[in-house]
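Next come the structures, one after another.
What follows is subunit A paired twice: with subunit B in the first complex and subunit C in the second.
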Partner chain A sequence: MFMLERRMDISRKASSLFVLLSLLLAFFVTGLIFHLLGVDVAQFYSTICNVFITPALLLQAVFRSIPIILASLGLVVAFRMGFWNIGAEGQIYLGMIAATGIVILHVSYGAIPASLMLVAMGVASFLAGGAWCLIPASLKVRLGVNEVLTTLMLNYIAMLFTDYLVYGPWRDPEGWGFALSIPFPEYATLKYCGNPSTVGIVISVAVAGFVYFLFKYTKLGFTLSVLGKSSDVAKYAGMQAGRATLLGSIISGGMAGLGGLYVVSGMMGRLRPRASPGYGYTAIIVAMLVQLNPWLILPAGVFFGGLLTAGDALQSSLRLPFSAITVFQSVIFLCIILAEFFRRYRVVLRRL
Partner chain B sequence: MSVTPLVELRGIVKRFPNVVANDRVDFSLMPGEVHALLGENAAGKTTLMNILYGLYQPDEGEIYVKGKRVRIRSPADSIRLGIGMVHQSFRLIPVHTVWENVVLGLKEAGFVLNRKKLTDMVKKFCEEYGWNIDPNARVWQLSVGEKQQVELLKLLVRRAEVLILDEPTSVLTPQETKGLFKAIRTMAKSGKGIIFITHKLEEALEVSDRVTVMRKGRVVATKPTGEVTAEELANLMIGRPVLFKIEKPEVKKGGIVLEAKGLKVMGDRGVLALDGVNLCAHSGEIVGIAGIAGNGQEELMEALAGLRRVEAGKVFIDGEDVTNKGAGYLIGKGVSYIPPESTRWAIVRDMRLVENIALKFYRSRDFSGMLRIDWHKLFEFSRKLIDEYGIAAHSPSTLAGTLSGGNLQRVVLARELSATQDGKVPRLILAAYPTKGLDVAATEFVHSLLLKHRSMGSAIVFLSEDLEEIMMLSDRIVVISKGKVVGEFLSKEKTVEEVGMMMLKGSAA
Partner chain C sequence: MSLEWVGSVLAGTTSVGVVYLLGSLGEIYAERSGILNLGLEGIMALGAATSFITTIAWGHAVAFFVAGVLGILMGLLLAFFTVSLRLNQIAVGLAITMLGSGLSGFIAFPTTRKTILRALNPELPSTALEAQSAPMLPSAPLPFLKDVPIAGPMLFNHNPVVYVSLILAPTMWFLLFRTSVGLKIRSVGENPGMADALGINVFRIRYLTCMLSGAFSAMAGAYLILGFQPFWIEGITGGRGFITLSLIILSAWSPLRAVFGSLLFGGIEVLQYRLQLFGFGAASPQFVLMLPYAIAVITLSLLSIESFRKRISAPAALAKPYYREE
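This part shows the complex of A and B:
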């Protein structure tokens, strides 16, 4: 009879190997699915590969990966402290709302000097994303409410609230009735600081460095890791688990909020409904894929940004709907979960 | 002519990571017999019965039911073989009626339920055992004792011939206990076999025909109840004298370090675990807490370490009121705590040794600034501790989870006993079962460490399952029973037997 046995020790090498195998499996399974659907699999994969070898497309991939990377880095903080934040998507929307709010305050009321706009927008979107994550965190700390449910549900609230704003009070009066906010003035877009891709890369590397430093060297980071690995031990060691959870959740949501800032201020130059094609959900896959390593988030994020770019290409070359890429992403996620399972358990044949 | 046993277990071995829960256990149950399975917590009683009930698979050994070798893969298998179990926590659906709970999952009930027939059947069984439950009552309306009767009904309706009762009296009032015992005797008279798991000696003597005593995963004796005395059973349960001697230097007792007054603390199940406990410990003194497991001593340690809320009463450390100030604050005051099951409470298995050692040092000004932790310094410090405490690991970056239980205990000791803050010796050391599961050499090492700290002026409060160890190591002994202090004396004033009786009877002998 086959039985499952818990692995006692898991080496780092073995677990990286499992992740690589899971990726290969994902390629294979996706290929099989599309083959059965009558899609030319060779062309499917060559279109995807093409993104990563064509400089212009690669640049596009990097550009689209920035919100994923920022949200994913936030998730590293949350997941490492054992807070299962599924709400990066909503936190991204809050970041967009806050950034747009600052622009509207400035344009309509002249509240903030132009030179300080980007700083104010950065602070506001970080705090808004953080606050959005703080809600489920305090519900968890105070009342023991499961954060998986609350963070997930807050996503829809955030997304629909964005809809309300752009269809309602924030609709551009000169926008021909389209559901769009006013366009951001140039000094409120990242173009003001340089090429948006370059700015995005600099911010991503800086934030990755921050997460790395947080967990490697700081007291807060150590507290969060212990909390994530064993809340019993954290309590025993006299750590203030509640306070650390709240602080960590602000940091986590705040980074997703910065991702939202990048979407409106770096990519679109205004707020639109459904501005995120699920960056926050892709961020979960990225964080899990690299097993919460902040540096590896960067290449993994670019990979998924590339898949989004490939999605556009597939629509024209193979006439596949964009959801083909969603299928691929989902298969990758399932394979990662499978790898996680085999990383923890060993299948043994046992004679009874 | 010999009667075939209803159930026979031969050479059962069950291993869990780092512990052998059942070590070549033999056990049998005859028809019409009440067989008490006696032992302290974690002696392996429940594991053995979970194997018989199909919840665990044994690693070795054989199970026979009515002389036939069987393999029990799940509770469904065991029910088919006529084995039923009543767990400590009931498995009933509160909003359903008694008869609905009883017939739930019963094949004989058929697809369309004949309510009249089924309630009559439940009534018939109730009459037989003198129970007074209305089959149409909702389970949430019943008392605890009645709920237990519903659990028994479930087994009776399924014609179970072997009934396993796991600590059935722990939730009952004395009157309900009496009623239960009567029902147990009635069942035995009708030829059923009953396995009665308990750690209460008097109950085993009162209700059983035969007693099996387990200790640390092994059967230490199986005897007809008529042939044993309470004292014999107590010695078997708690264990025989250890064969090593402790050199205890004279130490002059210093001032009071710990003082607890009228402590009231809740247990995990929401009942009072400590009911007005007074305790003090002086500098240079070892205070041993003696008691049968589950009488409040673990809750006492947690309350003193700031990990369990104090409902009433006060705790003072060096004269300062620290009641409910929390574990972090107490660590800062120099309180060390070696918890039971240290691998769960005090060690993060998938972190490195240096991080495990850092758990209580990383906030100290010696090892960190405002923000940053000085891992370099902690590495050096860990390396020193690994040497000093003989931890079998080649580097501080070894993953804790790869070490053995004994080595992890050394890691905990190293962290808890070294200078906590700013080079000072711990003021108060709370040690819960610090030698549990250790071999003789490691045990002696722990003893010498505790004595060394006693000489250096720490106050030490410790728990042990081994009464002999408490008697040898302590200067003063406090006996706890049912959450109350029932005796306090200097260790030389009493014998092991006297203290043992005090623990069991819950009053000064």
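This part shows the complex of A and C:
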């Protein structure tokens, strides 16, 4: 008879080993599913591997990973404080909206000087993403509304609101009727500061450093980790749990908002409907894969950015739908969760 | 507003509402036993995609059966992860939602769909291989009853799946609240430790309710495409699974009240189309499309207010893994 024994603690090495094994398992299971569905599995994997050994494609992977990484860093903050923020997708959209709003304020009304544009866009997208996450957080703190469903619902609302803006008031009058905002002037794009990928890497490393610093050295970070372990302990220790949750949620959503800024200002140069192919959902998988370690999010994010890049290649080479990548991602997600089990328990054979 | 107009709105309300009702009936059992199936959205999508394909290949009855079986398999996956391995239900549910949405998009994609259809039924004509929509369930109006004003079009002029769902709701309410099996399910969700001590097999009950929830979610998806919206588009469920989870809270985890919750959200959806016909929101239909999500957030918040919360209490062990102390 199999019995489960709870592990008291587990070495870092063993823990990483489980995660790596779970990734291998994910490759195997995905291969099996696709084989059953009649896909050429060898070519599927070689297309994916190709992304990581071809410099141009690898650069593309890094490029596409930036919004995932930023949103994922935000999720680290939320998950560490025990707040199930599944709303990164919506918070990314709010970031896009705010950044575009600043551009429109500037172009149509001359409200903001050109030299301050990127700073203003950064602040606005952070605040907008943060505010979007603050809604479910304050509902949770004030009324005890479970955040899982509210953050999910707000994703749909944010996406539809973006649709409204680009189909309606923000549609480019010279855009030939397409649902697009006006193109951003050059000083409102990240090209202004250098190569967008490099800029993205610099921002990501800085934000990862911030998250690391937050939890390592600040009182807020400490409060948040205690909250994540047990809200009762936090309460009895006299911590201001409510205030910390609200602050943490602003930081969490704000980082996703920065991811949105990167999408419009670094990648597209304008706002489009459905501009995110689920960066906010992929970010959840990334955060869990690295067990909420901010530094490891960088390479893990690039891996998932690579999967998105491979998704485009699969469409042309194997004529596979993009959802092939969604399947792969979700199997990885399930296997990561499975690794959590082996980290927590030891399976022992025992005679009854 | 003529009587006919009211009748047609109500008929639409029922026909959308059944999507929610089917989804919620199974899920209420799961939640009553302490399992939150956040995978509902993805299983619904998978049910819609498979029934879309199998209907073209083999017809309606088989389609519902296949969707149900796949739903049971997804439910087993959920049970294995959350009941046996005691893993976090929210994480597992999200992963299952992603898996279901991914697989549904994959198998219903035109090229893969064609391959699958050919394998399922080599005799299909090429028009069927290319079809963008599934043949809908035939309507089966009930004689005499269908002519009753208001109630007739609302309840008695639909396809058989609607009637079955409407009969299932009170049946499943009775099973849950008036039989010993129902008592067992509820006690497992309230206090699994006590239930276990009384000799109820907590694990078996939770496995069963997971499978039930999976089957019903998938059949809700099958009904969505066969009974309501026959055209396949990726992301066909559009958050209806998540809305189902919200309306269960609104229905206080009762299969009977879920009928009203489902009709409420069905009605909101029908009004969306009607409002657009009236020119309301014609320029910016997005605000009308936001309604169900916004209303879900608002109702969830209102229900959390102290005085409401006392009256409807969630199963105490909801989303908590159970293990015996050893």
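We adopt the following convention: the second predicted complex is superposed on the first by the 331 of 352 C-alpha atoms of A that agree within 3 Å, B and C clash if a C-alpha of one lies under 4 Å from a C-alpha of the other, contacts with A are read in each partner's own complex, and residues count from 1 in each chain.
Here is the rule we use: a contact is a pair of C-beta atoms (placed from the backbone, for glycine too) under 8 Å apart; a residue touches a chain by one contact, two chains touch by 3 or more.
Just so we're clear, the structure is a prediction, and the values are computed from it rather than from any experiment.
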Subunit B versus subunit C as contact partner of A:Ala26, first or second or both or neither: neither
Partner touching more residues of subunit A, whether subunit B or subunit C: C
Partner chain(s) touched by A:Val226 [first = subunit B, second = subunit C, both, neither]: first
Touched partner set for A:Val148, first subunit B, second subunit C, both or neither: second
Subunit B versus subunit C as contact partner of A:Tyr217, first or second or both or neither: first
Touched partner set for A:Val103, first subunit B, second subunit C, both or neither: neither
Residue ranges of subunit A in contact with subunit B within the complex: 6, 8-10, 217-220, 222, 225-226, 229-230, 232-233, 235-240, 352
Touch list for subunit B against partner subunit A, complex: 17, 57, 71, 305-307, 326-332, 337, 339, 344-351, 355, 358-360, 362-363, 368, 371-373, 375, 399, 401-402
Touch list for subunit C against partner subunit A, complex: 38, 77, 81, 85-88, 90-92, 94-96, 98-99, 101-107, 109, 111-112, 115-116, 119, 234, 238-239, 242-243, 245-246, 283-284, 286-287, 289-290, 293-294, 296-297, 300-301, 304-305, 309, 323, 326
Contact set on subunit A toward subunit C in their complex: 3-4, 33, 37-38, 84, 86, 139, 143-146, 148-150, 152-154, 156-157, 160-161, 163-164, 167-168, 281, 284, 288, 319-331, 333-334, 337-338, 340-341
